[in-house]
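In what comes next, chain A is part of two complexes: it sits with chain B in the first one and with chain C in the second one.
This part shows the complex of A and B:
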């Protein structure tokens, strides 16, 4: 258990570090949301000063940070200047949209990657393996943004899929079944674009992890016992190859969240990405800090889940 | 394997040279507007004319505006006006709009270009954009921004990574702890979010040149964590090698040991990282400019050229606007080939 406790403590320390880093960046920045107001002749300098005072922008870095940290621990992540609301409610719905998209893409990518990688490894050097490897090479060279734009153009041309957003304008008036169908239709293309971005990495790792295992003597022994091929691959080889893949699950989450930001903007999926972009353009500082921090929470949580899975899957770690 | 590496390197060098020589290779200035030819489709080079005669010198047909409503698009080829391709033409470039020049007289320069057609007449091999600017010219000039931003940022990142990684691995104790905890913090953020966090607090509206260096700085300075960890690993194992201990017992200084015996061990890792990081950083520039946080119009970059596609009518009707994204594919393929070859050479 001490292994997991150590990992958890480490994760919390890293998150604290990330929050300090983003805050330091915030303070280093020239100008803030209210700097633009100074140029407006209708707003007096006193008003601007009073506003900056009210939002605590005139304090020093450690003081602002500690005050922010104290309220953040109570679940208050500050105030959005541009939306004129607290940050957390704003962020919550956006973050859940990002999570839905990312987790679905993740599940889809793994569901394709595992059979494909195992299959390619089992037929090493055959035409199928070579085709897979050529496919992943090409997919790896296709930038996310190009995939997203291509899929969007496809949706426009065929009219089979909606061209962005999360629900049709008429969704409110639909029955529950029609609404679910509408949501799924909106979800497919962004999730496919996102999954296509991580898929080649996953396939390659599954294949190489499997190759390492397939060469081992105990698998040769298992084959010698006449265990059927499918059972050999999925019951004996895959669990043995699982360790690097479980670690990859944590790492690939980072790639996924990065890719998701861009795809959300291109396909107007109302997730964290568009919110962060808007906040940057508006200099809405606390929204930026909270969105960036939340992305780190997702990634660190993903890595922690990977640690737990590793702990569950590998007796060697438990014995440590 | 060596052959593959040579092929990929040659390809990359050629692409970079083409981009650097944009003044010569591009038929137009990147900001030159042809207002009568907005969204003109790419022209085809012809060798056989309407009468079926073969020409050794390729030619294009002049474009004429037809009508907005026709199914084949608003332009059509004027079969009676063939514009033969001329090589090594002397061309006059008008800088800026004729109205915008403060002096009233637009600045003109003469220089040699690889090809062009006799005026009156235009050649748009990759089509034109909204303002009738030649896409091929913009691609070449835009590559100067996108490719070299990635390259410089990678140099910066690797330099910082080597410095911090070798200090961390070689000296150990508290510098190691500080640097590695720092690296963990940088790696705890999804990469694009990290870039955005840094970009968020820098000036938004800056000139093309400043934004180029700004992006190089942001991308380069945030990417040090992974290379520094890898370099640290190599340094850690190298510093206990027997020849290093021997050199130390002969009285070699720390600096000498690092320079002469330890850093050369890291070359393989650094080269692999370079081949992986450069395309990633090119993409980072493209992403920034695509989202309006990088190099802004009228200076071309592959990112802000792609940004045109965010307008749905452009995305639907003008497929040639994808060119700025499609050029990334061969560039990435070549860099990945280099990375593969370097990695295999190490094994």
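This part shows the complex of A and C:
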């Protein structure tokens, strides 16, 4: 219980810190949403000043922050200048698109990484292990953008996959089954690009965690008891190697919202990425703050989930 | 007496990088009868653990058997494939490792770890195996400890962990148990308990037992025969009372000088071993007898010529130029 309370207090501190920092950085950077208007000869400086006044951009940083904080605590995250709507509904639909994409990519990456990493560790030094290691190095060295562009080129050449967006223009006219199919086809390439970016890191972590355990005396002992190889790897070694992997899993949960920004922009997935990019470029301050805050919530939650899983998985941690 | 295990001219090597392989066990030959306890004794690094691991094909990376035979019930284990060896390990020949605290999986319940051995070798459901594991635990000194099978290794004492490791080793009713320093990591009192347990099990199941240790006192209550190793060679072997009471090899004499009491009345003041010097580096053995530099009975010939085995009496073998 005290552990939960401590965690919660910690989370609140982190979120406060993140919001203050985001606010300060946005304020410190020159210009604001209405700065561009000053260059427009058709808008008088008085109008710009009046707009800035109306949106409260003339106030000092502490005052702006405290006013924002007060309304945020009531559930109002502010107003988007560019979209002319409240921030939260805008953010919510975009964040759920990002979540669908990231969750699928992460599930795919882990499902491939665990057997591949275990297998590479079990064949340490063999040609198959070296091939895996070369493959992951290559994927790691390729910039994510390049992978995304490669996949886009692939889609264009073959015509098997649509490029960009989450639905075809004609989706509205489709039946439910066809619409799901259309959505899945749109989802596959961005998810593959995203998964390809994290896969090599996961494979390497699984492999090295397994190597540590495979050299342990208790694995030698289990082998001495004639435990068959597959069972040795997955029932005896993998649970013992799980701790660093669970921590990594928590971190990857934390990056669910922020990890896919680049891929979303390049492959025009209507998630948080393009929204945040535009918002930053246009100084749509409250959208930026809310998006960053949401990412921070995921980070904190991911670490918390990892802690809970570690507690459940390792009897030694439970004992402390 | 039928021979359960026959080891002939076994040579175990380790290879590191491109250097020539180091012989950690050389020319090892011995027999073991069913139900017999053989004690292997020597300082650490003398090759006794490598010898034991080589019997079951469990050598770590870089280790390999260069030549020789290990015949178990007539089959040469050295020639067996990994899949066939796996059926022998744990079922016919099992291993108790040096430190049970390290040899038990920290994230599996001890009952499950015993059940795993049963599942590996028998057509048995997990539930049946768990029930069996509870029975074995009760037999092995955990009677009255309900729920001990649900415990994790870190919740047990050192002696309890070693009992669990022994339970794993005997779960499938093997003919031979190899115990590598099974009591070294334990308190003196618990050492006596574990040795007594091994002796009871050995008599009850008619087990053959190979007991590896560097403290001769451990062997006194249990060993039928004793084999002494130095620098990868078997330097002396014979019946336990003969070797313990009338050691022939100067190295054995030195080892036994360190005492035969498992529970010494007063702690020894001096160093445990009364043999001066350090065990030699196996990668750079001196010419002649490997023990010569530390030997009190050294002769000139010892530094130039390797000793060969000489037999004295029925089953007494010693490798020392003095007795040739």
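The rule we apply is simple: the second predicted complex is superposed on the first by the 296 of 320 C-alpha atoms of A that agree within 3 Å, B and C clash if a C-alpha of one lies under 4 Å from a C-alpha of the other, contacts with A are read in each partner's own complex, and residues count from 1 in each chain.
Everything below uses one rule, namely that a residue touches a chain if its C-beta (ideal position, glycine included) is under 8 Å from a C-beta of that chain, and two chains touch if they have at least 3 such contacts.
Small disclaimer: the values here were computed from a predicted structure and weren't measured.
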Superpose on chain A as described above, then tell me if chain B and chain C fit or clash.
-> fit
If you stack the two complexes on chain A, which partner ends up touching A:218: first (chain B), second (chain C), both, or neither?
-> second
Which partner does A:54 reach: the first (chain B), the second (chain C), both, or neither?
-> neither
Given Cα centres, how many degrees, to the nearest 10, is the angle at chain A formed with chain B and chain C?
-> 90
More chain A residues in contact [chain B versus chain C] = B
Return first, second, both or neither, reflecting whether A:131 touches chain B, chain C, both chains, or no partner chain.
-> neither
State whether A:153 touches chain B only (first), chain C only (second), both chains, or neither.
-> first
Once the structures are superposed on A, label A:254 by its partner contacts, choosing first (chain B), second (chain C), both or neither.
-> first
Chain B and chain C, minimum CA distance [Å, superposed model] | 14
Show which residues of chain A both chain B and chain C reach, each in its own complex.
-> none
Where on chain A does chain C make contact in their complex?
-> 216-229, 231, 235-236, 239-240, 242, 313-316, 319
Counting only contacts in the complex, chain A reaches chain B at residues 14-15, 17-18, 21-22, 25-26, 28-31, 137-138, 140-143, 145-146, 149-150, 152-153, 156-157, 163, 253-255, 257-259, 261-262, 265-266, 276-277, 279-281, 283, 285, 288, 291-292, 295-296, 298-300
Per the touch rule above, chain C residues touching chain A in the complex are 56, 58, 60, 86-91, 94-95, 97-99, 102-108, 116-117, 120-121, 152, 154-155, 165, 168-169
The residues of chain B that touch chain A in their complex are 181-182, 184-186, 188-194, 196-204, 283, 286-287, 290-293, 306, 309-310, 312, 315-316, 319, 322, 325-326, 328-330, 332-333, 336
